[in-house]
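Scrolling down, you'll hit the structures one after another.
The following pair of complexes shares a single chain, chain A, combined with chain B in the former and chain C in the latter.
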Partner chain A sequence: MDIVYSVLPPQFLSQVLVGLSRTTILFIVASGLSLILGVLRIPNVAHGSLYMIGAFVSYSIAKLFGGGPSSYWWALLITPFVIALISFVVERGVFQFLYEREHLMLLLLTFAFSLVFGDLVKLIWGVEYKSVPVPGAFQGFVPLFGGIPFPLYNLFLLCVGPVVALILWFIVNKTKIGKISRAAAVDREMVGAVGINVSWVFATVFVIGCLLAGLGGVLVAPTVSVTLGMDHTLIIEAFLIVIIGGLGNIWGALLGALIFGLSQSLGILLWPKFGIVIPYLAVVVVLLIKPTGLLKSTW
Partner chain B sequence: MLSVNGIDTYYGLSHILFDVSIRVEKGEIVGLLGRNGAGKSTTMRSIMGLTPPKKGEIIFKGEVITGKKPYILFRKGIGYVPDDRRVFADLTVDDNLEIVYRREETWNKERVYSLFPALYEIKNRKAGFLSGGEQQMLTIARALMGSPELLLLDEPTEGLAPLIVKDLEEQILKLKEAGISILLSEQNIKSAMKLVSRAYVIDNGRIKFEGTRAELDENEEIKRRYLMV
Partner chain C sequence: MKGNLLGRKGLLTGVIIILFLFILPFIFPRFYIYMTSIILLTGLLASSCNIALGFGGIYQFHHAVFYGAGAYAAALIITKSSLSPWIAFAAGPIVSAIIGLIMGIISIRLSKLYFGMLQVSLGSLVWVIVYRWYSFTGGDDGIHGIPLPEILSSANGAYYFTLFITGLSMFVLYRILKSPFGSVLQGIRDNPLRSGIIGVNVKRHQLMTLVIASFFAGVAGTLFVVVDNTVFPDMLFWTLSMEIVIMCLLGGWFTFFGPMLGAAALVALRTFVSSFTVYWALILGILFTLVIFFLPNGILGYIEQKFKKGTEVSVDRG
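Right, the complex of A and B next:
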């Protein structure tokens, strides 16, 4: 082990894991954004709001179930469906009538929604910080890499990431709705002309995408203070990830999230004062080399 | 089976079709002939509901279908094969067939593959990597998966090698034998004459001639003016 540490210091390895657990959150949210962008062609600025609402809803559900160490599991189970329901209502109520509009219109509309959602959150939950309990089994730290303590909950996140990626891969490549949505991403008119009700395909994809935003919100909740404004930071990061990965490409979102998450955590280690800038520098470098994103875009 | 009664269709502000009327009876192949830009594809798109007409009426199996959405029309039994093919490039050949809405079981993958054995050989290839002829077969196969009673074939032989055109003509005749009515648009009058029993000639968005194959064959004036024969 000492030989390994002489090449890769324990602090470095530990920061890699921190970066990867951040990657998990970023990937889950950005893949939902990318899915909606790829299939429905909506640049959904309100995606970050659903992430924030996911965090707040998980706070309320955890409180409803007593706020103890096991209450989080209920929040994890129920919140994504609450977010799915909200997005379903918004899609059927508003978005379904606007798919043919130009992108700038949709950008403004979803931005308006993000403002409305922000104010609703303020009305319902107030402006104070909220904290969500870390689930019982994952409280505390575990010594890793030369004894550096590592939060157990982050290890849990590291396991969730690949599971979500695998489920998404299965839905997109192996299920009928996945295949239909891949076809609709490229030629929605022709999908309609082979008997498929594209409107409901779009609704399903929109709900799945938003459910991912909500899931990201629940998963991040125990590691941060749940607060107003967490939507804005994340939506910017998520859009950058989707852009450097390739619009509409879920594996691009994974790659982008890896670049973003790792450069963030390692940047802090290498250059603490300016660490926060490094992911954005990475984005600039990627876009200089490949302006269309690293993987194939569906646009 | 199909009766198009005096439709007028626009793309935005430009008026494309003027008072177009077409009839297709059960089990026949009807030609819609004309030059590039004459209005053949627009007629097809109007019938399929992709570019709904602003005036006139379309009746399919005794029911007015004007203004209905394309997916509803497909579910009523109209198959559409566009001239620019539009296979789902990102999906495999097999998946292109699989995602189609199944109206009934008359046609299934097995039957479609036995009509186009070449497709079976490449069923796991992505449709975007197929040759023009293979893509054309796939778009017809895809429309067949819905067990259509009426097939709108928009210039199926366009841009294909003569040998492949010959195969395709045989397959289109087989579809007729299977009882499917076909509206076939063509620029290539020689190919169309082998298949159709009646034909319409369209030019500048207006129907200029209507008659049986023999009548068209004898009408040198129409053929010279509108079909460049």
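Right, the complex of A and C next:
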């Protein structure tokens, strides 16, 4: 092990794991965004708000179940469906009437919704910081890599990421709705012409995408202080990830999230003060080399 | 250009508004003078954005960067150097234009949504630097109490300075759009391919437009320093950019004065609504959703359509 450490110092390896757990969150949120962008072609700014609402809802549900270490599991179970319900109402109520509008309008409309969601969160939960309990089995730290303590919960995140990726892969490639939605992404009129109700396909995809945003919110909640404004920074990161990965490509979102998450954590290690700049620089470099994203876009 | 095509009625409205703006400090209390100053400079900011967005068809999604950069440049020169504040005021817009040029050169190869997102990425980079460079920019505290020349330190002095500079800038912007350059720009918006074929250097035109737009955003930022004596990192945050685009849409982005009107509506709304509730964003969001549904060409666009039924087809950029 000492030989490994002489090449890769333990701080570096530990920081890589931190970056990968961040990648998990980014991937889950960005894949939802990418799914919606690819199939519905909506640049959904409100996606970040659903992530934030997910975090706040998980706080409330955890509190409802006593706020103890096991209450988080209930939050993890229930919250994504609450978010799915909210997104279903929004999609059927408003968005479905605007699919034909140009992207700029949709961007602004979803921004308007993010303003509304932001204030509703303020109205319901107030402006104070909230903290969500870390689930009992994953509290505390484990010594990893030369004894550097590493939060157990982050290891849990590292396991969740691949599971979500697998489920998504299965839904997109192996199920009927996945196949239809991929077809609709390429040619929605043709899909309609063969007798499929495209409107409901869109609704389903939108709800699945938003559910992922909510899931990201629940998963991130125990690791951060849940607060207003957490939507605004995340949505920019998610958009950049989707853009560098290739619009609508879920594996692109994974690749983008890896680039963003790792450059973020390693950047902070190398250059504590301005490390946060590095992921943005990475995005610029990627876009200069491949303007339309690393993987094939569905657009 | 459909700005002052309302004929005599439009001219009369213009004269009344200008007269009103001149005598405003004599009638209204200080609070309204401040608010009107903010409206004017925000209107200039939105108008400069609309040069790229509405007239150039360039998805300028992160215009606030140039506003903030101009303001920070002016503020930093005043507080960190011994140069005259007037030099700082001149430097603000130039710094913005340079940043606009650099960002433009990088992102102009892309178009539409990709262009917009690259602007957002580059803009976020600028924002992060300002936000994190605590020792130089003051970090998230910003810079407060920026000393100004005596003539600008009163509310009225700042107001008249803002009014004059905004008026001058709007006139220059108007002339630019009326010039052959402006016509070519709108040609590119309506059909970039055809414009390229007839020999227009499309990318260079768009780049030039971005530089002009960021220059005037810098002017607006500098005016904010004059009016408010502060700068803070939220001036460069992307949510402000979205609000700028909202102002353009709200007023009507195929009109010249639309963004100014949109800015006035938004600033006034925020000021009054936030005086009795903290949930003004909720109201703005709902209002804006309604505008998208029912007034896709904005307030001024709607009025012009009403006045000129059948004489002009509104530009469809779908």
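Note that the second predicted complex is superposed on the first by the 299 of 299 C-alpha atoms of A that agree within 3 Å, B and C clash if a C-alpha of one lies under 4 Å from a C-alpha of the other, contacts with A are read in each partner's own complex, and residues count from 1 in each chain.
The criterion applied here is as follows: a contact is a pair of C-beta atoms (placed from the backbone, for glycine too) under 8 Å apart; a residue touches a chain by one contact, two chains touch by 3 or more.
The model shown is predicted, which means the values in this text are computed figures rather than measured ones.
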First (chain B), second (chain C), both or neither touched by A:Val4: neither
First, second, both or neither for A:His232, with chain B first and chain C second: second
First, second, both or neither for A:Leu64, with chain B first and chain C second: neither
Partner chain(s) touched by A:Ile180 [first = chain B, second = chain C, both, neither]: first
In the superposition, chain B vs chain C on chain A residues touched: C
Partner chain(s) touched by A:Val198 [first = chain B, second = chain C, both, neither]: first
Contacts of A:Phe113 with chain B and chain C, given as first, second, both or neither: second
Chain B versus chain C as contact partner of A:Val163, first or second or both or neither: neither
First (chain B), second (chain C), both or neither touched by A:Pro43: second
Contacts of A:Glu189 with chain B and chain C, given as first, second, both or neither: first
Touching both chain C and chain B, counted on chain A across the two superposed complexes: none
Residue ranges of chain B touching chain A (in the complex, touch as defined): 48, 50, 69-71, 74-75, 80, 82, 86, 88-91, 95-96, 98-101, 103, 142-143, 145-146
Residues of chain A defined as touching chain B within the complex: 176, 179-180, 182-183, 185-187, 189-198, 298
List of chain C residues in touch with chain A within their complex: 59, 61, 106, 109-110, 112-114, 117-118, 120-122, 124-125, 128-129, 132-133, 237-239, 242, 245-246, 249, 278-282, 284-286, 288-289, 292-293, 296, 317-318
Partner chain C, residues of chain A touching it in the complex: 43, 45, 94, 97-98, 100-105, 107-109, 111-116, 118-120, 122-123, 232, 236, 239-240, 243, 247, 273-274, 276-277, 280-281, 283-284, 287-288, 291-292
